[in-house]
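Presented below are the structures under discussion, each in the form of structure tokens.
After this come two complexes, each holding chain A, first together with chain B and then together with chain C.
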Partner chain A sequence: MSEQLIIQLIVSGLGMGFIFALIAIGLTLIYGVMNVVNFAHGEFLMLGMYASYLAFATWGADPLVTLPFVVAAMFGFGLLVYYLLIRQVLGGSMQAQIFATFGLMVFLQAAAQFVMGADYFAVRDSWLSGVVTVGGVVLPVPQLAAVAGASLATAALYLLVFRTAVGRQLRAAAQDAQAASTLGINPSAMYALAWGIGSACVGVAASLLSNFYYVFPRVGAIFVLLAYVAVALGGFGSIHGALVAGLLIGLLQVLTGFFVSSELKFVPVYMLYLAVVLLRPRGLFGRS
Partner chain B sequence: MPRNRSVFLKRGVVAAVAVAMAGLAAGAAVAADPVRVGALYPLSGQVAKSGEDTLNGIRLAIDIVNNTHAGLKMPFAAGAGLPALGGAKIELIAADHQGSPEIGAAEAERLIVQRKVAALIGAFHSSVAATSSQVAERMGVPYISGESEATTLTERGYRWFFRTTPSSRTQARDFFTFLRDINKSQNAGVQTIAVVHENTLWGQEFAKSVEGYFKDFSEFKPAIVVGYQQGTSDVTSEVQKLIAAKPDAVFHASYDAEAILFARTYKQFNFSPKGVLAIGAAFGSNAFRDALGGDANYFFVREHWSRDLAGRNPLIGQVGQMYRERYGKDMDGTPARAFTAMMVLADAINRAGSTDPEKIRAALAATRIAPSDMIMPWEGIQFDPTGQNTLTRGIFVQTLDGAPKMTWPADQAAIKLVWPRPAWR
Partner chain C sequence: MAAMPARPSVSSAVALLVLAAAALALPLAIGERPFELRMATLILLFAVMGQGWNVLGGFAGQVSIGHGLYFGLGAYTTVLLALRLDVDPWLGLVAGALVPALCAVLVGIPCFRLRGHYFVIATLVVAESVFQIFTVWEWVGSAVGLELPVKPEGLANFQFHRDKTPYYYIALAMLVVVTGALWWLRRSPLGFVLRAIRDDEDAVRGLGFSPQAYKSIAMAISGAILGVAGVFHAQYVLFVDPFSVLGLHISVLVALFAIMGGVGTLAGPILGAAVLVPLSEYARIHFSGSGRNVDLLIYGFLIMVIAVYRPDGLMGLWQRARVAAIRLTSGRKGSDHAPDVHLPARRRVARHDPRPSA
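This part shows the complex of A and B:
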């Protein structure tokens, strides 16, 4: 067992982990601000990936070039979903909210299959492909990019939420919408912002993923299930919780896959999840 | 649905009037009712793409049966409908099982009970074929499978289950025969073999079959077996295990999505065994070639069908062309096999001369189809008592210059195979 191999596994694990984390952060942000679980989150990822792919197939634009546009488009899409759908059911029961986003998931999946077919599409030879070799360790560029891009995005999000006036308003609306509105904050605008930013996070993940993963109508399900686990593991609504949990999941699955069995690679992830839910229901970093 | 219903009502009235008039005009003559065939395929979910391809193969077969295709020298092409049933057309009723054995069983029951299908065809996934054929067996409805390969499917002693495709065990044997042959003829130098498989019934059965053949082909040694879960987000750990095991050849049982993921990861980590050989069409599919470009070259697929065989059998070229025109993709072994299963079923229903399940079953069991009447490079179709077609033959196709080329057996090869595969660029 060489050190190089261990380093390789860890980098791969972190690469995937950052992707999971980025998806989970979007989820947890929306949940933290307005207590709504977005069941269509994986389908947002799928849309972002189709956008990256189509830009590549139509104009030959590299996913790296289109990243800002995909992120902006996904931000807009998040706002749209909030105003057209979520705001209409906010006053309704919990079930109404669940079924609204669940229905959106089914709709987006079916619509994608209707428009694009069930085929697999992949960006070929993107700028961020290939490998770099550092001291005998082979590091795939797309995964390095995922680590770099996702950590930058997380840092930016952190600054926005915890260091700016808008972030303060967002957190105020999250803590107590009524009190916030007496202070001149428009909670609805903050909710919309949360949906926009949450979707934009997925847009970053989608752009980075399309450097090495293929898109098809069900691609969201592959990633989002683990993102839900990351949200619950890290604590609902906790951004750094989602980050840590996402990385933990990424590492755990790669290491289990190699040292134990690849058929069982998600077992420790779900075991950890169960243990945390039983022993510490609010998650690793959740507020009680 | 009011519009649909009114159309339905109108059609019903028209049909009733037509039947009454026909009855008046011709005395006892009855208009030929369509024969309903239920198709169970994954039309949404993880492998919807394969379900679509497979169903397209079936649609093409039904089109050839139902309509006149002059110039196509194939059973049912010249006339319209099934001649022995008064020109009755085949009506396809497709159901989506989403890759789930439970949904597959429920849909089989629905098709039989509510839609009154005369026979079932399916189901791509072996795991779903297992459960849905159980329902057919219980209810006494013929079930034909053109592409579900798990060996156990025909070892259950079922009366109503028929399979035209070779089982995964038969195919596993071809992998070894191929390697033994190229070890001799081209000094391929293969000794150790790794198996990579997805872990539903199909992949597991294939891995098991391969394991069993190491006894008969004792010049080969197993290197490692790597099973993985379908729908995985990355395969780094799987590939690192393979790298550590250093096999000469890798046998792959993967569906389309993971085939792309594995090939990309192989390249990333510069894993380059002498050859990668796959069961199922995934490593030579259109999606695979589109996604990987030049990197799709040199993979072998133990195929069932190749356009390169058109020179030996003009039907292959004609049907492949029709498929391409209709669905905008090249035909491969999966739709070709589904097409063939549907033609076999149509032939049996026609010989049965009725939609009575017992008669169709007897006709299926008595099937004799000559190589010149079908698009597969087989010696024909004839079922043994377990319902397995005994006349299949395997071929190996290698992607070269971006196109799948028939490379083995050597006497049918369109081009010389490349072995070992060159290093990744």
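This part shows the complex of A and C:
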């Protein structure tokens, strides 16, 4: 087993891991602020990927160029979903909230298939394609870009949430909406912001992912399943947890896919989840 | 007031009799139309599965999105027994209930230590792992699946080839038996403990009951019912493969039908299946010639509408209608009678409002 191969696997595992982490951070942020699990989160990813692909196919705009626009559009889409749908069920039972985002998932998936058909589309020969050779190790550029782009985005998110006034308000609303509102923070605005930021994270993931993954109506389901596991593994509501668990899952599934079997590549991830929550029932970083 | 039945059980009994007669006569009305017969059978099958899910998810409040696992295990058990050991299908039915029940208890041992979303994800993770293992495991047919050996038709062989009506009646019998058993279960001490666990697990533990043990019992019953449904499915289509019996969509649909019908109620899963199966089947044939999934488009939209306007599910809608009817028949002095009618879900909605009172 050559060192070169190991490095390649790690890079590609980290590439996937950062994608999972970005999706999971968006999910956990929304959950942390308002205790709602967004079942349509994978479909947000799918929409972002279609946006990226369509811009490329129509205008030849590279996914890297359209990334800021996709992110902005997804931010707006998150706000839209919050105001049109989520706000209506905020006062409702947990069931109602599950229905709302689950219905949205089914609807968006079907809508994508209605408009685009069930075909697989791929962005071919974008700027971020091919390989680079670093010290004799051949590395795929799209995965390297995913690592770089996603770690930048995660860093930016950390700064926003943990170092700015808005982030402080967001965390205050997450801790205790009632108390936050007595301090002049509008919880509804914070909820909306969480949906916006959560969707924007997915927008970054979608743009980066479109460089090396096909887009089709059910693409979100594949990624979001592991993102849910990442959220739970890290601890619901914990941003650190989502990041660490996302990376761990990315690495683990790539390594198993290579060394064991590509059909079974998610099984060790699932077993890891079970093992962790048996020792720590609230995940790696969960608060009790 | 006189026009109104004093006890709802009388009207319920009449309604049940009418429903039973209608269910028995349905194949006569359907006649020789295979599409409608298949749909009616599917409704019954999904209603049975929903009832099974409800024992754990509704009564005991432990929401699982991995229940396709027990459906699949039931189907695989009977097919494997028939293929490898030439076991009688009715013995296969017994085994197809026992094996999933046992597996459910085993799954429960680690999973029941978890609460809320952590439990939900754990059920999903276990079911998906088994699904992936079955797709590569040669002995169980891997991704290709296994065919059940075709035998002469008849009740003894649990196979009917030309006329599929017997399947309908078997499914109906299953639904009646399961629903009856659960009706009894809900009133039994076990049923009360399960509902107490749903409402406050720590209080139940404080009273000296072991929530883990009771949840395991609920899980075993739930798994057995799903397993029986799986056996029926295998005998009905004479084939199993991982995707059609272990796929995630089975787990999701079962939970969805039970929840949309009305969580924790006996009529909920039946109502959910009776409304949602035809909705998806008709939408599929009317709109989906193009393969563009208009059925799911409508489906998703309806789920969102229900979430916003009727979060307590179809049962809530039914109860609303009953309140309205009672008010009408009692001369519009409705407010005096309103407390007679249970609207539990509504009250729960009011209590869980996370919004600040602004």
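Here, the second predicted complex is superposed on the first by the 288 of 288 C-alpha atoms of A that agree within 3 Å, B and C clash if a C-alpha of one lies under 4 Å from a C-alpha of the other, contacts with A are read in each partner's own complex, and residues count from 1 in each chain.
Just so it is clear, a residue touches a chain if its C-beta (ideal position, glycine included) is under 8 Å from a C-beta of that chain, and two chains touch if they have at least 3 such contacts.
As the structure is a prediction and not an experimental result, all values here were calculated from the model.
**Student:** Just from the overlay, do chain B and chain C fit on chain A, or is there a clash?
**Tutor:** Clash.
**Student:** Quick one: classify A:195 as touching chain B (first), chain C (second), both or neither.
**Tutor:** The answer is neither, since A:195 touches no partner chain.
**Student:** A:119 contacts which: chain B (first), chain C (second), both, neither?
**Tutor:** A:119 contacts chain B only, not chain C.
**Student:** Look at A:255 in the shared chain and tell me whether it touches chain B only, chain C only, both, or neither; answer first, second, both or neither.
**Tutor:** first
**Student:** Touch check for A:82: first (chain B), second (chain C), both, or neither?
**Tutor:** neither
**Student:** Applying the touch criterion given at the start, work out whether A:50 contacts chain B, chain C, both or neither, answering first, second, both or neither.
**Tutor:** Touch status of A:50: no partner.
**Student:** For A:187, using the defined touch cut-off, is the partner it touches chain B, chain C, both, or neither? Pick first, second, both or neither.
**Tutor:** second
**Student:** With both structures placed on chain A, which of the two partners, chain B or chain C, ends up touching more residues of chain A?
**Tutor:** After superposing on chain A, more of chain A is contacted by C.
**Student:** Pick one for A:93: touches chain B only (first), chain C only (second), both, or neither.
**Tutor:** Second partner only.
**Student:** Identify the partner contact of A:223: answer first if only chain B is touched, second if only chain C is, both if each is, neither if none is.
**Tutor:** First partner only.
**Student:** Could you look at A:266 and tell me whether it touches chain B, chain C, both or neither (first, second, both, neither)?
**Tutor:** It touches chain B and chain C both.
**Student:** For chain A, which residues lie in the overlap of the chain B contacts and the chain C contacts?
**Tutor:** Touching chain B in the first complex and chain C in the second, residues 109-110, 113, 117-118, 217, 261, 263, 266 of chain A appear in both lists.
**Student:** Please name which positions on chain A make contact with chain B in the complex.
**Tutor:** Residues 5, 8-9, 12-13, 15-16, 19, 109-110, 113, 117-122, 124-125, 130-131, 138, 140, 212-214, 216-218, 221-223, 226, 253-258, 261-263, 265-266.
**Student:** Which residues of chain C touch chain A in their complex?
**Tutor:** Of all residues in chain C, those touching chain A are 110, 113-115, 117-118, 121-122, 124-126, 128-129, 132-133, 135-136, 248, 256, 259-260, 263, 291-297, 299-308, 311-313, 345, 348-349, 352-356, 358.
**Student:** Name, in rising order, each residue of chain B that touches chain A in their complex.
**Tutor:** 43-46, 48-49, 51-52, 199, 226-229, 231-238, 240-241, 244, 256-257, 260-261, 264, 268-270, 286-287, 290-293
**Student:** So in the complex, which bits of chain A are touching chain C?
**Tutor:** 34-35, 37, 85, 88-100, 102-111, 113-114, 117-118, 177-178, 181, 187, 217, 225, 228-229, 232, 236, 261, 263-264, 266-267, 270-271, 273-274, 277-278, 281-283
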